[in-house]
């Protein structure tokens, strides 16, 4: 899987800090942008993040290119609704070679790996055969397995990135989507270090685990 | 595929009409609800729908149970973001028997049908075998094909139903998802006939086709 | 201010519990609805609420009629975006008599109260006069004060109600909007007691205050 | 009123075109970004806009600073829900001098203008007096009229800008909010000319007026 940050709001952290300052200020945002020092900006941003006042984080957006994610994971990914997705269509794009993801639990056992690859590749061969027999791509794809990869462009603002990372970086999240958001966090960190540091598992922020069983990072919340 | 309307806002059309009337009225919505006659309600609703003032349609929600939709289609379905979905998890639910959808273009040719079924069932057998070998369900499912079915609960309000039907009832939409929304329209019609009639392909409403090629229902829009 | 729950998804708690159960079940939602006992339903709902798995709460919607809210508060209220509002229009509805809200901090002092009323009523008289002089209602309203009341219909699902109550029931929220959500909570409680109990200030749920100063209900979060 | 485009997704039109191309392509978005020529980009963008496939327009966001909009208009503005707003708080910011908007229908008549100004300024004096008497700002503001101005930061993506302009540029929209979106359109045009040209009243795009009475730009739609 390859993740690249292809676009983002210029000076994302300054933009957010200035919007936050505006709410409590007598001057307009262009003046604020001129006056905010680096240190003020950083302090303001950290206050915003630790408080619950996250709506200002929506003023900075990040657009990623993702290649090589399985359709198993992309089906989960597009459940996030405060985000914009453009995804390679299996209805219109015909796949020439079987690119797919092998789960680590399978890849680590040579026998299972061989069986898995055989199964995926034989399904792919059936897909190609159906197309050659004149079946439309959009119907032939019904034999394609979840492991087959896809490409997509995804845009999320910083507030939604915080939310999605809080659930998808959890060790109970599915390993492939967790890997995706680990890469996303690294990409964000390079251009927006304070926001990057705020992309954390929910338990780190709240102090307790709200899943059924804790992985140990944080204790289960006591029942009130 | 089975679709059932399991819940909806009581008196959905009266609710919408009363909310619309409130915007231009000196009295509150409870008084309006008491006074609106059946005929006024119907006329108001038709005016709303033919004008662009659709936000009031959001006050009526419809919740559907859907069984037997392929994962190929459910991946498309959950792209609609002004809706709520709860879907059977392939990470946690282990499938005991291969339930799947065969596309008509394949089903109509006995040879293709046999090949298709063989391919899907052999992938399913591999899935069961991986589970028996100790692979977690969430990883074994990577061999499962798009044809495998899923179950879900979906809630949409009337405004979003209008939007989604406008694109998914189009003859260029994928046949399985078109079939889903044809069933949904029938279900809505039984309890909200005016809204049901408003669930129309976009070209019927706008008077022209905005796809690349027209299916003939409406002509292509002339380029300005 | 008068708040009335005019519509809601029938059996809201059962609907939510059944949708949640579906995600981990081999049967469809209509079967689940038939089989879930009252006790199972309640336990499931409480688990959902204490865990972070709140998306299923979206399957139950609640529609309120609100009369007598000031425009000061309605401007804040409509900032919530996962909700549907239909509001009495000041552009099209002409107001005949000055209905308005007097803040308690003013009402409790007879002199201030008199001044306040005089100010609001004189602005209202100016509004009436502008209309008589032929100024359109939508322009005459520019003299109307924030205190003037409005009427609206609002629909929110249970998940959003939880979120909005978590911030608007906070003692630092504006008193009028806090009063609105206290009434809303009472209305919800009558028809959905488990959900009603879950409509809580954020600090009650999280265990700490994330505002700048704590009111004392919960301590400030320690800085990490 | 002053409107300035303070931030936007770099190369907004190229970003959108590349995301659109990805859906029907075998290569990833970074390769597409490298290869798309200016002419291809423009043609693709125009096709997207004239067809209904607008979701890709969400990958480009625009952030505006707005100063001097009346609270009458800002109350309407924040009803748009697929947008992010940060607004100067009347609860926390105390206003020192009465900045306000005078509607043209009033400003053009010297007598009405004088009365209007007197009314607004006397309300403002009352506001200052209440604050001096110890009333909290958040309560004193109840006497402030709709004409008083506000400042805000607003972020919208190109798809939502198209939608909002389609309704707010209509001659039946309120004059102040129409002026706001005329300025916004000019700002967008400077950095994204194809998108700027697509910010059009709904009737221009659809060919007919769906309001009750037509202003003459386009005829009323015939009733089917």
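Which chain is which? They are A, B, C and D, in the order written, and residues in each are numbered from 1.
Going forward, a residue touches a chain if its C-beta (ideal position, glycine included) is under 8 Å from a C-beta of that chain, and two chains touch if they have at least 3 such contacts.
A quick note: this is a predicted structure, and the numbers were derived from the prediction, not measured.
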{"item": "Third chains touching both chain C and chain B", "value": "A, D"}
{"item": "Rotation angle (°) superposing Cα atoms of chain B on chain D, nearest 5", "value": "180"}
{"item": "Computed distance of Cα centres, chain D from chain B, in Å", "value": "32"}
{"item": "Separation of mean Cα positions, chain D and chain A [Å, integer]", "value": "30"}
{"item": "Distance between the centres, which are taken as Cα means, of chain B and chain A, whole angstrom", "value": "26"}
{"item": "Multi-partner residues of chain C (each touching 2 or more other chains)", "value": "85"}
{"item": "Interface residues, chain D side, partner chain B - complex", "value": "50-52, 167, 202, 206-207, 210-212, 221, 223"}
{"item": "Complex contact set, residues of chain A against chain B", "value": "70-72, 74-75, 78-79, 81-82, 85, 90-91, 100-103, 105-106, 109, 112, 115-116, 119-120, 122-123, 126, 129-130, 133, 135-136, 138-139, 141-147, 174"}
{"item": "Partner chain B, residues of chain C touching it in the complex", "value": "2, 4, 6-11, 15, 18-20, 22-30, 33, 55-56, 58-59, 61, 63, 65, 67, 84-89, 92-93, 95-96, 151-153, 155, 157"}
